[in-house]
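Below, each structure is written out as structure tokens.
You will see two complexes here that share subunit A, one where it goes with subunit B and one where it goes with subunit C.
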Partner chain A sequence: MSKQDPKLLLQPAPLLRQGMTTPAAMRDVWLALLPATAAALWYFGLAALLVLVASIAGSVLTEWAFTPKERRAITLRDNSAALTGLLLGLTLPPALPLWMAFVGGAVAIGIGKLIWGGLGANIFNPALVGRAFLLATFPIAMTSWTVQQGPAEFFTVHASNLTAPFMQAPVMDTLSAATPLGQMKFEQSATPLWDLLIGNTAGSIGETSALLLLLGGIYLFLRRDLDWRIPVGIFASAALFSAILYGVDAERYPSALFTLLSGGMLLGALFMATDPVTSPVTPKGAWVFAIGVGFLVVLIRVFGGFPEGMMYAILLMNAATPLIDRWTQPRVFGRNKGGSA
Partner chain B sequence: MGLFFSLRNSFDHGVHPRHHKEQTAELPIQRVPFVARYVMPLGQHIGAPAKPVVKVGERVQRGQLIAEAGAFVSTTLHSPVTGTVRDIGPHRYIDGNFRPAIEIEADPYATQQLPPRPAIDWQGLSIDEFIAQVQAAGIVGMGGAAFPSHVKYAIPEGQQIDDLLVNGAECEPYLTTDHRLMVERPEAVIRGTEIVRQKLGAKRATIGVEKNKPDAIALLKQHVGELPIEVLGLEVKYPQGAEKMLIKAAYNREVPAGALPRDIGVAVNNVGTVVAIADYFDTGMPLIERVVTVAGPGVAEPANLIVPLGTPIREVLRFCGGLKESTREVIMGGPMMGTPIADLDAPILKGSSGILAFTASETGRPQEYPCIRCGRCLEACPYFLNPSRLAKLGKARLFEQMRDDYHLMDCVECGACTFACPSGIPIVQHIRTAKDDLRQQKVRSEKQ
Partner chain C sequence: MAISSKKMNPYDEMMKGLWRDNPVFVQVLGMCPMLAVTNSAINAIAMGLATFFVLVGSSFLVSSLKRWIPKQVRISVYIVIIATFVTVVDYVLLATVPAIHKELGAFIPLIVANCLILGRQEAFASRYPVKLAVMDAIGMATGFLLAMFALGSVREILGEGKLFGVSLFGDNFEPWVIMILPPGGFITLGLLLLLFNWVGERKQAFIAQVAEAERGKA
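On to the complex of A and B.
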């Protein structure tokens, strides 16, 4: 043995690792979004697929273009840019001009992530930064909703989808429709809960089916990829706040269940607020963050100018995250709350 | 909470690595044959190195004192064989550096039988005499840290030990030395526990064993008899055998940061340590051999062995059929906290609980991704530190902030955070680097 010693490494302990990797966690989110995405294609057809592809392309190409060559293989393989593109796409209206979706994807990655220093360094959820940019820049296109054409007319693409960049004002579809939140806000009429559950309503591409989004969330929870405190906290605080308002005036304000099942509530609470990069890392912080989001979303929906408030609620709490993290450091073993022994 | 806790018998947080103990858990302890050459490093325990009391060329008996304790926090060394002192000088240590050691050539014609000695009447000893005896026996913590045991028994005035906690958790994957000792020599475990309990004046003793060793728990319970010793099954979780975690698991009490277990009236000893104490008082045999698990995917024939201290690791591996070609790394201790071995000619030490050989699938460095703040390291850390933050500050070399704002010095480097990290970040390495740097800064500033 003496002459044939293998060349020994001196890799420090621990040598054992659990199996999960960051790219695999991102893949899990893709899988979890699959049912809701499939439903989107069923309801909104090829148009939805094109918007998703455009948004993902904008994200991935931006990541590729602004990453140094030697790091591209790693940053693109971690699946995070494509996931940002998908998440953004799911929040967009199905009739949105494709070039806008592409620009949104580019802004999401460029302004939402890369200028902060790339994956893990951003303060705000990149997909929502992209969406906020689009809503501010193209308010009409971003709030024009279409009725669901259903699988029979899968290949129908809206004229507005194919508008050329910057050249013409998008002619929004004649088959326009109001979202459940819009009907609530402006007509005080509540969409039947069953339609909200299965997604038989107008709305963003991926937000309509509450059931399928919940399914994805449960999958992520079982895979330990999301902090359950965040969706639970958001649902609880939003339900409580809207139940109080409902109790005050059931004619004007939506019920708690309607609040939970409508709009971007589920997509946001399960897939965006839970983005680990932009939410608190401490357990107590997760509760503070989640309660804040739930409260803000109802506040904005009921008293704000827009029918939907999920995006701003999450972005505002993203901004508070570093502070929440600092204030909610857990008590260290063998020390008191103040940190002394 | 109290009731819930007592059912659980664990600390909070931690991780669940696969324990891989099936390789050697059922294998009885065997004795390795004597070899030609033994090396006893003078500084193989925590504290001051031992001082040689023999000369080159001198003949020594197995079990004879060859080095005396260099200070109170230090211990003695005894010859593992009958033979001749060949050299006192620098020899290869496991980290590849040369360290002062005594080299002994075994006498091939000697019987290597221990000279008969009368059993020591431990019951008649005062606590000070007991402490002196334990130091004279060269006994250290056998779990891996090799802290001189007698120091733990020197309780300052005004303090009182109420509970003796014997650590049979053996939470490190692959290792089965404590498990085999408890299964094969339960009476020695109980006897050693009772000796230490009585000498310390503790009211009760608890032997904590992870529940993945039901045979050990059952056998120990059978041997307790009327003694005030409780055998406690613990949740299988890493690092259950870390001293302060074990105290939390057994008694639901926290040792304050920077304090010692004795400050809350607890003394903790490893199973191997109490067996060494029982053996010393029964047979007069000082610490000249120990049980070592040789295992891991790179070892041809895994085994549990009694190995004389100072045996070259190479000889121990040869006894186990040698290393497989696929071996990439050999470590001393467990895979979570062990030390990589740089030179197979280095000797077995008092703290060598295992020799493990690993292949490319364990030693491959994982692709490192940016931290996405997933929080898995926070949920892993038994000390409730923020490893994610510590690693980030460590990368930026903000060591003082790590110490002052994030309790760097509380970290015991158990590696649970690094195990849990899906981004492959060597968190515990950043922590070690920071601690080393701060320590060196302190040394430098004290010199000025």
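On to the complex of A and C.
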């Protein structure tokens, strides 16, 4: 019996291996985000690209700086830090000063992920931690939206993009615009659904094109990278709550379809709420989590001070995830509900 | 109660409060004023000095009176002594710097409940001679003051672009609003704790390395 050709192969479990590794999962998400990112460049031009690059640079550099030398090669190669940077960048306004995007990326990885012990140990979605920090820190810059300039003016970069680090962005005048959610909240005017669907609106870099985001979500579902219960539950509960409100007063409240297609709903539900690290592992827990997110989004959007509530809804349910997981633990085979044999 | 105090050096008792047993970065005591009033360097220093006076005064008094304080009611007695000094500080601040007094607000009376001060009475002043107790209080209070100043200056520089009200970066500075809000206090304190522990760890590693080298030579 030689070592090369053993008659009896003994090895520890797992005996069946799947190709699902961290780098592979990250690659899938990158691919899924590609169409929406391309649309962002089409609509917002070079400015959007620069913001994305700055945010990714902030994330990757922080990951590099605060990881022990021996582990750098592994943690950087799985592209998870860069993905966090990309996800954060997609939630930022296109005219944001680049240094703020960089700070956001650094906070996302530093305070959102590494401080908890690195990939898989964080409680909150890192990209959203970065965004929440930026929104609380630079509230004006984070809510200054621009109109889409389209591919004809691809090389237009906003003056505010190139603000020197730690300096205030110049006030935007002609280019500023309101997002569909802002118009809904402050002027009670609904943007046509077709514009929301193809992304022809003002808004964060990657949130405008509902159709392409859905395409990416479907790809992730087919690759089994996401738990379908979470987006479905979010859409269902948000649509239901929103439809009830719409039934009460159609003048004041948005319709269910508007709720689903506007703002960060799709980006958040498909790419952020489904983060396997920060969402419940049990199927029942996933439903609870998703329904909570959907309910909170509408609650914050309609009754809260902010026009958009996706970020806080997901972060709040992230905080509840350990509890949900404990409540929804399935019965262990061979034991009764109390856990005894 | 008399633990041999002859071998204890007053200087060492003072210095331990600055670094090795720093009340904020090592013992993590006195968090309430630490987080609440450090939104500017001047507030932080005012609170640090107030705490300094209260801690040193009450350590002195508690240590002097320890023989006559009945064990059963000692905590109440400490609180009365501390509250006396807090009242003094309260009125002194009101008379001299009313603007700062107004900004510190309820947090001056709350010095009574600062567990750093009560902790030093229970753990140190009530067990050691007056000289040691006062030196310990000076060290602890200075450590607290330095930590307050560190946190306050970081938050003021980032949150307003100023230090002691003097603009550092010109008019175009973009203030980090979160830094003067409560979350900024928590984040900055956490990061300073991280830094403090990291430096401490490096120091330990360095000492170990030097010891290793010494042994190698011998």
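As a working rule, the second predicted complex is superposed on the first by the 321 of 341 C-alpha atoms of A that agree within 3 Å, B and C clash if a C-alpha of one lies under 4 Å from a C-alpha of the other, contacts with A are read in each partner's own complex, and residues count from 1 in each chain.
One rule holds for everything that comes next: a residue touches a chain if its C-beta (ideal position, glycine included) is under 8 Å from a C-beta of that chain, and two chains touch if they have at least 3 such contacts.
From a predicted model like this one, the values you see are computed outputs, not experimental measurements.
Of the two partner chains, subunit C is the only one touched by A:136; subunit B is not.
Of the two partner chains placed by superposition, only subunit C is touched by A:167; subunit B is not. Once the two complexes are laid over each other on the shared chain, residue contacts for A:71 go to neither subunit B nor subunit C. In the superposed model, B is the one of subunit B and subunit C that contacts more residues of subunit A.
When both complexes are overlaid on chain A, the residue A:118 reaches subunit B alone and has no touch with subunit C.
In the superposition on chain A, A:15 makes contact with subunit B only, not with subunit C. In the superposition on the C-alpha atoms of chain A, no part of subunit A is touched by subunit B in one complex and by subunit C in the other. Across the interface of their complex, subunit B is touched by residues 1-2, 5-6, 8-18, 20-25, 74, 78, 80, 118-121, 224, 227, 276-277, 279, 281-283, 329-335, 339, 341 of subunit A. Against subunit A, the residues of subunit B that register as touching in their complex are 15, 17-18, 173, 244, 248, 254-259, 314, 317-318, 322-323, 325, 327-331, 333-342, 344, 358, 362-363, 365-367, 369-376, 378, 382-386, 388-389, 407, 410, 415, 418-424, 426, 428-429, 432. Partner subunit C is touched in their complex by these residues of subunit A: 97, 100, 111, 115, 133, 136-139, 141, 163, 166-169. Residues 161, 169, 172-174, 176-179, 181, 183, 187, 190, 194 of subunit C touch subunit A in their complex.
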